[in-house]
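Some notes on the structure that comes next.
Read from first to last, the chains carry the letters A, B, C, D, E, F, G, H, I, J, K, L, M and N; within each, the first residue is number 1.
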Amino acid sequence: MDNVSVIAVASIITAGLTTGIGCMFPALSEGKAVATALSSIAQQPDAAPTITRTLFVGLAMIESTAIYCFVVSMILIFANPFWTHIIAK
Amino acid sequence: MDNVSVIAVASIITAGLTTGIGCMFPALSEGKAVATALSSIAQQPDAAPTITRTLFVGLAMIESTAIYCFVVSMILIFANPFWTHIIAK
Amino acid sequence: MDNVSVIAVASIITAGLTTGIGCMFPALSEGKAVATALSSIAQQPDAAPTITRTLFVGLAMIESTAIYCFVVSMILIFANPFWTHIIAK
Amino acid sequence: MDNVSVIAVASIITAGLTTGIGCMFPALSEGKAVATALSSIAQQPDAAPTITRTLFVGLAMIESTAIYCFVVSMILIFANPFWTHIIAK
Amino acid sequence: MDNVSVIAVASIITAGLTTGIGCMFPALSEGKAVATALSSIAQQPDAAPTITRTLFVGLAMIESTAIYCFVVSMILIFANPFWTHIIAK
Amino acid sequence: MDNVSVIAVASIITAGLTTGIGCMFPALSEGKAVATALSSIAQQPDAAPTITRTLFVGLAMIESTAIYCFVVSMILIFANPFWTHIIAK
Amino acid sequence: MDNVSVIAVASIITAGLTTGIGCMFPALSEGKAVATALSSIAQQPDAAPTITRTLFVGLAMIESTAIYCFVVSMILIFANPFWTHIIAK
Amino acid sequence: MDNVSVIAVASIITAGLTTGIGCMFPALSEGKAVATALSSIAQQPDAAPTITRTLFVGLAMIESTAIYCFVVSMILIFANPFWTHIIAK
Amino acid sequence: MDNVSVIAVASIITAGLTTGIGCMFPALSEGKAVATALSSIAQQPDAAPTITRTLFVGLAMIESTAIYCFVVSMILIFANPFWTHIIAK
Amino acid sequence: MDNVSVIAVASIITAGLTTGIGCMFPALSEGKAVATALSSIAQQPDAAPTITRTLFVGLAMIESTAIYCFVVSMILIFANPFWTHIIAK
Amino acid sequence: MDNVSVIAVASIITAGLTTGIGCMFPALSEGKAVATALSSIAQQPDAAPTITRTLFVGLAMIESTAIYCFVVSMILIFANPFWTHIIAK
Amino acid sequence: MDNVSVIAVASIITAGLTTGIGCMFPALSEGKAVATALSSIAQQPDAAPTITRTLFVGLAMIESTAIYCFVVSMILIFANPFWTHIIAK
Amino acid sequence: MDNVSVIAVASIITAGLTTGIGCMFPALSEGKAVATALSSIAQQPDAAPTITRTLFVGLAMIESTAIYCFVVSMILIFANPFWTHIIAK
Amino acid sequence: MDNVSVIAVASIITAGLTTGIGCMFPALSEGKAVATALSSIAQQPDAAPTITRTLFVGLAMIESTAIYCFVVSMILIFANPFWTHIIAK
């Protein structure tokens, strides 16, 4: 493998794994948050507006960690400085 | 293996694993959310509309992380810049 | 191994593993959702129609993540652009 | 190993593992669903018909993920396009 | 190792592992189902006929996933198309 | 290693591991079933005959998965078609 | 390593691991069964004869899986057909 | 691989994994914190302002550990002293 | 390594690991059985003789699986047929 | 790889992993602490000032272990004595 | 490495690991047994003599599995028949 | 790699991993201790001074194990006798 | 590596790992025993002398397994018969 | 790598890992002990002196296992007989 190939391969694999791994736990957390929200609404229907509002803020925070991973992945595929340097050479 | 093969192989394996791994936890979370929704409805049948509405919003958020992985997978198979560069050479 | 073989091998293994891994957690989640549905019906028999309806919508969402994996698997076996490119060469 | 052997070996191993891994969690889920059904019947004997009917629909959904894996396995053994291409060459 | 050996070895190992792995979780599930059946009978002795009937249907469903694995194993040992092709050559 | 050795070695290792792995979970399940039977008898001594009868049927089902593994193991040691073919050559 | 050594080594390692692994879970199960028996006796002293009788039958079933592994181990050490064939050559 | 490539590859892989791994547990923790906040609000609706204020401070603390990882990742991609030194040579 | 060494090394490692692994779970089980016995005695002091008698029978059964492993270990060190055959040659 | 490269690579990988691994458990702990704080406030609103004060002190202690890892990471990237020695040579 | 070294190395590593692994679970079990004893005494102070007597018998049984491992370790270091045979040659 | 490099690399990797691994469980423990302290204060506000005092002593003890690891790490980076010996040669 | 080095290296690594692994579970067990002792004293302050006495006997038993590992470690560093034999040669 | 380097590398890695691994579980145990102490004080404030005294004795016992590991680490870095022998040669 020459230099171009090896950097391409590393970028492909890392981009995939970063998104794959990085989306696992945010999904898990959102599932947990949603599940708790549902049982909380069932337990205290009057507090539903406060609960759903806090839920959506929380989901946004959790989603942000998944988005960090997705951003790193996109940078590695479409804006990779190492790849730019190599193919420019 | 020449350069073309190695990038093809890396793309194939990464595309498969990213989808495979990335769908595990969203599935788990959706299962948890659905299960909690069901038991919440059983516990408080009057709140069923609020619960199912919150459930569907939550499922959409969780599904989004699985879709990030599926998107990365599809990019690697059908819109892979590294593959384009190599076969153009 | 020449280029054709190595891509064939990678496609075979990835197709198998993607389906194998990707079906694990949806199965688990569906089991959990069904189990909760059953105990919810036992607890509140009057809410059975609402529960089964929500259950089927939820199962469809969960099954969708398994289907993503199955689709990637089928693409890798029957519509693989890398394989097409190699054997066309 | 020549090309024919390596593809045969990859198909054999992948076929076995896909079925082996892919049947683990459906079995687990069906066990959980059946177990919950049994305890639900014990708790609410009057709802037995609804419970068993929901159980069988749920088992069919769960079994479907095991069948995806079995299908991929059978395709790899008896209708493998890569194998067909290689031995036709 | 020549081609014949390597396919034989792969078939032997895969046959063993597929059965070994594929029987783990069905056994676990059957244990869980039987255990729940026993405690359900103890809790509600009057529902024993319904419980045992549902139990046996459920055990058959669970056993089916173990049988898929056993079938793949037997195909690999006694009706292996790759082996047939190689020794026919 | 020549062909004879490598097949012998693969058969030995696979036979051992298949039995070793395949007996783990049936043992676990039987332990769980027996344990539940005991606590069920303690809880409802009058249902002891029904419980022990269901227990023995269940233990037979669970034992069957262990026996599949043991059978594959014995086939690999004493009725191995690959070994027969190699030493006949 | 010549053929004799490699088969001897494989037999030694497999014999050890099969017994080592295969005794883990039966031991665990027996511990669980015994523990449940003890707490059941404490809870319902009058049912002690039925409990101990069921316990011993269950322990025998569980021990049987450990004995399968021990038997395979002994066959591999003292009645190994592959070893017999090699040293007879 | 020459020096430039190997450092590029190491930076790519490490940047991806650091973000991928480092975002797992913060996501999990935020999910837990949000879930507890929701059930706390359901339990004590009057304390909602105090709870959400403490929640947001806590989420910021937890997010900070994810940001450490993201920062290291960005340093490795865009401000890597080792890469600067190598390509300056 | 010549033949004598490799068999000696395999015997040493296997003997150690078999005992090491094989003693883990019996120890765990005995701990569980003893712990349950103690809490059962505390709960029902009058049944102490029955409990301790059942405990000792159970401990003997569990210890037997540890002894299987110890026996295999001792056979491999002091009565190893493969070693005897090699050094006799 | 020459000496400069190998030290650079080791520093890059170690810096990433140390931060990645080292931030996992502090995040987990902070999540747990915040979650407990929230449920404690819900349970005893009057003690909120004491709880939040103790929470912040505790979070600082926990954060300190994450900072140790971040510090080691920064030392390896920006103040690495081994790198200094090599490039000075 | 010549024969003497390789046997020495295998003995050293195996001796260490056997003791290291083999002491894990007995320690765990003894901790569990002691912990249960303490809580049993707190619950039923009058049964303290019976409890401590049963505890010491149980600890001795559990310790015996740790001693098996220690014995194998000592045999491998100070009474190793393979080592004796090699250095005698 | 010459001697200097290999020792530098080993020191870098070990220093990072020791801190990374060694800070995981202290962080976990401190989180648990802080969480328990918070719920204890909520349960018994009058004992807050005693609880926080005991908490701080305990946190210091736990932090000490993290500091052992940090110290070993610092020794390996800044006061490494092996490195001193090699570069002095 | 010559013979002296390889034995030295094996001894160093084994000594470290034996102590490192062998101290994990005794520490865990002692933590459990101490924790149970503390909650037992809180539950039954009058039984404190009996509890602490039993605790110290139990801690000594548990500590003994850690000491076995430490002893093996010390033997490997300071009284290693294999090392003595090699350097005497 | 010559002899001096390989022993230095093994000592460095082992020293780091022994401390890193060996401090994990003591930290965990101390966290558990401290946590239980805090909840015990909250539950029974009058027994605080006895509890804290027992806690400190217990923490000392647990800390001792961490210190064993730290001592082995320090011996390997600063008083290593193998290193002394090699560099004296």
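Keep this in mind: contacts are C-beta pairs under 8 Å (C-beta built on N, C-alpha and C of every residue); 3 or more make two chains touch, one makes a residue touch a chain.
In UniProt terms, the chains line up like this: A, B, C, D, E, F, G, H, I, J, K, L, M, N = ATP synthase subunit c.
A quick note: this is a predicted structure, and the numbers were derived from the prediction, not measured.
Visitor: Taking contact as defined at the start, I'd like the list of chains shared as neighbours by chain F (ATP synthase subunit c) and chain L (ATP synthase subunit c).
Guide: Per touch definition, common to chain F (ATP synthase subunit c) and chain L (ATP synthase subunit c): zero chains.
Visitor: Considering only chains that satisfy the touch condition with chain A (ATP synthase subunit c), which of them also satisfy it with chain M (ATP synthase subunit c)?
Guide: none
Visitor: Quick check for you: after a Cα superposition of chain B (ATP synthase subunit c) on chain C (ATP synthase subunit c), what is the rotation angle, between 0 and 180°, in steps of 5?
Guide: In short, 25 degrees.
Visitor: List the centre-to-centre spacing of chain B (ATP synthase subunit c) and chain J (ATP synthase subunit c) in whole Å, with centres computed as mean CA coordinates.
Guide: Those two chain centres are 30 Å apart.
Visitor: Taking each chain's centre as the mean position of its Cα atoms, how many Å separate chain J (ATP synthase subunit c) from chain L (ATP synthase subunit c)?
Guide: Those two chain centres are 11 Å apart.
Visitor: Residues of chain C (ATP synthase subunit c) touching 2+ other chains?
Guide: As it turns out, chain C (ATP synthase subunit c) has residues touching two or more other chains at 1, 11, 13, 15, 17, 19-21, 24-26, 28, 30-33, 35-37, 39, 41, 43, 55, 59, 66, 73.
Visitor: Among line, ring, star, complete and other, which one matches the pattern of chain touches?
Guide: Graph shape, chains as nodes and touching pairs as edges: a ring.
Visitor: Once the touching pairs are worked out, the chains link into a ring; list them from chain G (ATP synthase subunit c), going toward chain I (ATP synthase subunit c) first.
Guide: The cyclic sequence of chains is G, I, K, M, N, L, J, H, A, B, C, D, E, F, beginning at chain G (ATP synthase subunit c) and stepping to chain I (ATP synthase subunit c).
Visitor: Taking the touch rule as given, give the residues of chain M (ATP synthase subunit c) at its contact with chain N (ATP synthase subunit c) in the complex, in rising order.
Guide: 1-2, 4-5, 8-9, 11-13, 15-17, 19-21, 23-28, 30-39, 41-43, 45, 48, 52, 55, 59, 63, 66, 70, 73, 77-78, 83, 87
Visitor: Residues of chain B (ATP synthase subunit c) touching chain A (ATP synthase subunit c) in their complex?
Guide: For this pair, the touching residues of chain B (ATP synthase subunit c) are 1, 3, 6-7, 10-11, 13-15, 17-22, 24-26, 28-33, 35-37, 39-41, 43-44, 46-47, 50-51, 54-55, 58-59, 61-62, 64-66, 68-69, 72-73, 75-76, 80-82, 85-86.
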